[in-house]
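Could you have a look at this structure, given as structure tokens, before my questions?
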């Protein structure tokens, strides 16, 4: 067991998801779920996407290798098929503790803008 | 009872509220209180708005259905009638645990800017 | 005792303070320490400012009335006299629990940018 | 022992690191790991950098003097040699409790953008 085996939490929530419809310049508007797995084990994630007016899409599988980060674009989340311009939210459950941070790049208007936050951890 | 029944907290605080007076381009300056309810029950919220120089407006009711997110614009918070260009703060109390994130879009100057943070949880 | 008597924490830290040297357009580059006091009592704050290469300026007094927010600009923090263009950090200690969020507006280049985060609470 | 001896945590994680490839105007795109040490003792940090597809670079040493802040640019992290345009993540371990906040300035397009978050604390 390495020293970092239990760093983070196993369940994380992010209420403010939104992929802007428009982009300008060289950068596409997008969001990313960024994961850090400092342990010596593979983290098996199940990502669920919640909406305002329809059923959630649950348990999309993603793997983060030991001692690696992964920055997962939400517009490439397989069967989630999150539409642009629609409010959504994300829940990540991991087989082992990890840390999650979510960021948005918005290039709707003639320059880009960023926002980020560490997600809210709910289960050790 | 589903696995996610107690995810989050019942009381959340956000000190930095401010709806910019000006907008430019296609996007209006605004703020949103984003809620995620991963439980199988309806969350009944009571939102209170605090100011620098007058009494708070308390207990505006909002409902978030089971397994849904809602992104609530603060300029559409009914009787709160938050003026633009004035510092305010928000307290959200929920009947069941939820997670709250607050974001601002500012288009005062010729491009947009975003900021966001998970709110501060105070009561499990 | 009102229901909200102990919401937040009494000590908060913010490592990334920086007041940009330049501004453009109608908005001045600045930072704000935003406080929410949901209690029925006055909160007496003592704000300390830390630098990279000199002694901290400690215990600047600020009062936040009961059930009020205050958005305190750091360029108006009395004897702190924080220079523009210099890294600093902030510690806030309060007589009763409050919540602190810090935000920066940067208008150095031809549009504005915002960033924000809830501060890190250290003492209940 | 001063009153602030144990403020913060000894291990912090930041999943979303990314130094943009392009810059424009007077400000260079960059990221900073901002540290606040409110104690009367020197904090000896060991910073590790994680990537998506190769081994981490571990234990780069940085010192933060007593009662000081340091804003450490990640493009100046010695042997880490973080490439621009590549996702990475950061782990900071400190000899004594400190607080960590990470911020990005992105000037890829014709205005600057900022984002920030308090890092995620894992070990008291």
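We call the chains A, B, C and D, going by the order they appear; numbering starts again at 1 in every chain.
Heads up, the rule we're going with is that a contact is a pair of C-beta atoms (placed from the backbone, for glycine too) under 8 Å apart; a residue touches a chain by one contact, two chains touch by 3 or more.
Fair warning: this is a prediction, and the values are worked out from it, not measured in the lab.
Interface chain B/chain C: under half of the residue numbers present appear on both copies, so the contact uses mostly different residues. Between A-B and the choices A-C, B-D or A-D, the pair with more than half the same contact pairs by residue number is A-D. Two chain pairs, B-D and C-D, are weighed by contacting C-beta pairs, with C-D ahead. Averaging Cα atoms per chain gives one point for each, and the point farthest from that of chain D is the centre of B. The centroid of the Cα atoms in chain B and the matching centroid in chain D are 29 Å apart. Centroids built from CA atoms put chain D at 21 Å from chain C. Across the assembly, chain B contributes 110-111, 113-118 as residues in contact with two or more other chains.
Residue ranges of chain C in contact with chain A, taken from their complex: 111, 113, 115, 117. Those residues of chain C lying in contact with chain D across their complex are 11, 13-18, 22, 48, 50-53, 55-56, 87-89, 91, 104, 106, 108-111, 113-120, 122-123. Looking at the complex, you find that chain A touches chain D at residues 4, 7-8, 24-27, 32, 34-36, 38, 67-71, 99-103, 107, 110-118, 121.
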